[in-house]
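Here the chain labels run A, B, C and D in written order, and each chain numbers its own residues starting at 1.
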Amino acid sequence: MDSPVALVALLHGPDRPGLVAKTSGWIFENGGNILHADQHRDTELGVFFQRIEWEARPGALAAERARFQQFAETLSMHARVATSAHRPRVVLFVSKFDHCFHDLILRWKAGEYACDIAAILSNHIDLAAAARSYGLAFHHIPVASGNKAASEARQLELLRSLDTELVILARYMQVLSADFLQKLGRPVINIHHSFLPAFAGGRPYHQAHARGVKLIGATAHYATAVLDDGPIIQQDVARVTHRHDVNDLVRKGRDLEKMVLAQAVRWHLETRVLAYGNKTVVFD
Amino acid sequence: MDSPVALVALLHGPDRPGLVAKTSGWIFENGGNILHADQHRDTELGVFFQRIEWEARPGALAAERARFQQFAETLSMHARVATSAHRPRVVLFVSKFDHCFHDLILRWKAGEYACDIAAILSNHIDLAAAARSYGLAFHHIPVASGNKAASEARQLELLRSLDTELVILARYMQVLSADFLQKLGRPVINIHHSFLPAFAGGRPYHQAHARGVKLIGATAHYATAVLDDGPIIQQDVARVTHRHDVNDLVRKGRDLEKMVLAQAVRWHLETRVLAYGNKTVVFD
Amino acid sequence: MDSPVALVALLHGPDRPGLVAKTSGWIFENGGNILHADQHRDTELGVFFQRIEWEARPGALAAERARFQQFAETLSMHARVATSAHRPRVVLFVSKFDHCFHDLILRWKAGEYACDIAAILSNHIDLAAAARSYGLAFHHIPVASGNKAASEARQLELLRSLDTELVILARYMQVLSADFLQKLGRPVINIHHSFLPAFAGGRPYHQAHARGVKLIGATAHYATAVLDDGPIIQQDVARVTHRHDVNDLVRKGRDLEKMVLAQAVRWHLETRVLAYGNKTVVFD
Amino acid sequence: MDSPVALVALLHGPDRPGLVAKTSGWIFENGGNILHADQHRDTELGVFFQRIEWEARPGALAAERARFQQFAETLSMHARVATSAHRPRVVLFVSKFDHCFHDLILRWKAGEYACDIAAILSNHIDLAAAARSYGLAFHHIPVASGNKAASEARQLELLRSLDTELVILARYMQVLSADFLQKLGRPVINIHHSFLPAFAGGRPYHQAHARGVKLIGATAHYATAVLDDGPIIQQDVARVTHRHDVNDLVRKGRDLEKMVLAQAVRWHLETRVLAYGNKTVVFD
């Protein structure tokens, strides 16, 4: 998978005949070599979705990107085009739990993620030393009750100053306000420790234990104004029995949360996830 | 698994030291040979659960069963004791969907279930020929709107006349009333085509598709007065993507429903399921 | 999935720039509407693979199919083109085990497979009545030791007279000779009751039990001259423990075998499987 | 699961009536309170296996342990008895791959494992800094070709000086000799990056890719004199497709290896694994 990728486009728009031929034809005529192409039609909504990845002429990526976007507009398609030359700047939000934090950073250090970790941001100081031992900047912005708006303003200022392109909530234990998300205007990936829509809200493992379910789950989704209701990117489950108490669920859940969040982040960074409405198309 | 099993007891009651020693001691002193024994403690509730299976002296099963139950009472334990000599009488409720019906009957014919199928009962006639081709009695009791109480009365009468010990709702599309369940006084296993508690109620695959989940599920549970809220026996999930429309979910879900219901029925018939509160202990 | 599909092509050949653009361009210029298109490159071998599905002008399917095949040749590509108007003729080989047999036939009756079941062929008579109760022709061709060549000659004659396009070995307990497969010249799908390449050959559940594995598997593959070595279409596993004896493995394995074979047959009939070398590309 | 555990015994020996009653009776009569008890019979071999966990009188653990072992001998049973007061001393062998290393150490730091990490031992120096950043001793014992016996002698000396009770091969890339294992006389857990017995030996992901399997696996087992043939403790698999090249298999495999090894180590440390012949009984 470490091919010399150049450009990846995610397109969507009203479905009509010829879209596959037109996009692939444009790339071919412009001297590009298609590496991967994947399409989807939502026949209920009449929407066409495409992910297309091609090698372009060296030295002209920015121009080609702009020209492709103009071309997509002539097809009434929205296009997001990423270049492999660019490494998105990512900020991780954490609180006290460190399993998703370590997992993501170790994957990043192992070369699994083509991004820069711009900073770790937390409402607690517990993970400051760990972040710094990885050579990462750590910012502590406490969130006192009654104080959230002020904290969010500081968070926004920091994220902007860092040119943040993606925020990952790695078991960050505060709810981000709709206002914050709207002002940020960048994708925010959250990991919720249940199989949504079951057990939204607080203490999902306690809820799951009380209900006596035989599987527990974890869900990675884009954060939206409605809590735990954003477009789902990835989910997985693990089997539990009557022998597992809440502590066991929490422990088993940590592995689920790590795997599910890691996969969602990978797909996002590889420009494979297209959110529309409250759903996602994942071109994997 | 085809050992010469004789007696299986499911016990539960207040936890206290010595219970394992006392039950196993009683069996040993009475000349029994323990084949399997499994225990569980709910430390929050202070309840002890046990499943114990032993070979008893031939010819005296009924007496031994009664004596064991009396013994369990001296420990303040409730005991349900089954003998391998007895094949429970089971009635299947079906409507028009036939996948769980065929699956259960073929497993039964293959010798997977130590029970007798006393009859097939349906609110429609669609599966009459299929039931009879298997050599099974088929009873048609329609349920017209406004007529449910009368239908349930007929159902009850039939179930009693057949000495029914277990009812399986194999995609039976009517809700049974709390009154019916109370009067029946026998376990009723239902298969719900979602990962409960997500998507309870009607058209769960449509709900799942609308929410954009990445896994669909099925749940087998004991029916109780509250719809889709009874003790869960078994659950499983299957992966879906944006490519799957509602019809695909329905198709993939059929396999889930078959597997989950088949497993729940197997565990119930092997006297492995102990329901307490709205949960189950499954000694598998 | 019940879209008005018309033509599906599976292509493969030497990779070179422009293939996606050329195939989609050809279809667009010929008035077709692409419904799905999926590509794969084997960068080690330099081979391009594509599955492309499109609606063509009514009444001219055969001609369009021929013209597309000619076009593919101009790209040095091998193309297999199926039309949704055609239902392949399938023959099932069975012996005494009936679980895969019932499972496939019930799926077929439920409309999951767009094919015709031309006949059931067996070296035993055990499933004759079951086949006929489904309204299917049953042919008994015994295979005595020392007699295999003669039996295979009769099988071949029958398969040819039935215009057979696919053979499914639904737990058929005889090995087909290389000579038979070569003369037949049609795909043969087999289900092997292990996770290949582990436990090839006879009594795989006994082998698995003796080795103490913690998962058992099943593998659907195209039969080739080398036993249990053909291109794998689908595999799955189920968890087992020390508590499961060989009989339990056999029982749990039945469910695996049914699911794995059913999925492989579905993919094959939907023209999603392209075998090359001893591997498959499955466009799912 | 953080009950005040005192003693855990793993027993096995010739099966005969009354064993459950006798062991539980002994504990009860000696004032112990059984927390968990689980049994298994291998009916083919006529062997009885039991794991029993009980709270004993404070201050007398060592004596009770010895007395229980004597008691077990009177039943012709071999007994291994662990006390929760004792944290086994563990040494990790690593080479250059660090994913299992980080995973195990982070779980240990999170409190998942009741053991002491006595040291990290490696034939390379790559992980020296990482080990020391965790506050762990790191020993470098190179293994040159033709030099293995000398290296193993140094390893043995170190392991003995550290009172090592368990060795974990966390992707250690050297084969340990039969002589080393025999002299060590302590359990050694290895993680092999395939679904054994498929793809034993070197480069299993390359083997899996060449065979075109649809699932890759990982296997944790006790190391024995025969390479990749020891008793299997845990296995798991992950789905792959034709799209995954060898690098993808390696990447996906890392997650499998971490999860499978972590689970095997947990079970071993909780005194849940009883090896006999080339199999294990895992009381989970």
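FYI, contacts are C-beta pairs under 8 Å (C-beta built on N, C-alpha and C of every residue); 3 or more make two chains touch, one makes a residue touch a chain.
Quick caveat, the model's predicted, so the values are computed rather than measured.
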Task: Length of the shortest touching-chain route, subunit A through to subunit C - done: 1
Task: Of C-D and A-D, whichever chain pair has more C-beta contact pairs - done: C-D
Open item on the list: Measuring between Cα centroids, what's the chain most distant from subunit A?
Closed with: B
Open item on the list: Please tell me whether the contact surfaces of subunit B and subunit D are same or different in residue numbering, using the over-half criterion.
Closed with: same
Task: For subunit C paired with subunit D, centre-to-centre distance based on mean C-alpha positions, whole Å - done: 41
Task: Chain centre separation (subunit A, subunit D; CA means) in Å - done: 36
Open item on the list: If a residue has to touch 2 or more other chains to count, which residues of subunit A qualify?
Closed with: 43, 245
Task: List of subunit C residues in touch with subunit A within their complex - done: 3, 17-22, 24-25, 27-29, 33-39, 41, 43
Open item on the list: Touching residues of subunit A toward subunit B in the complex: what are they?
Closed with: 40, 42-44, 49, 195-199, 211-215, 217, 231-237, 241-243, 245, 277-282, 284
Open item on the list: Please output the residues of subunit D touching subunit A within their complex, sorted ascending.
Closed with: 1-2, 98-99, 102, 106, 110, 112, 133, 245, 247-248, 251, 254-255, 259
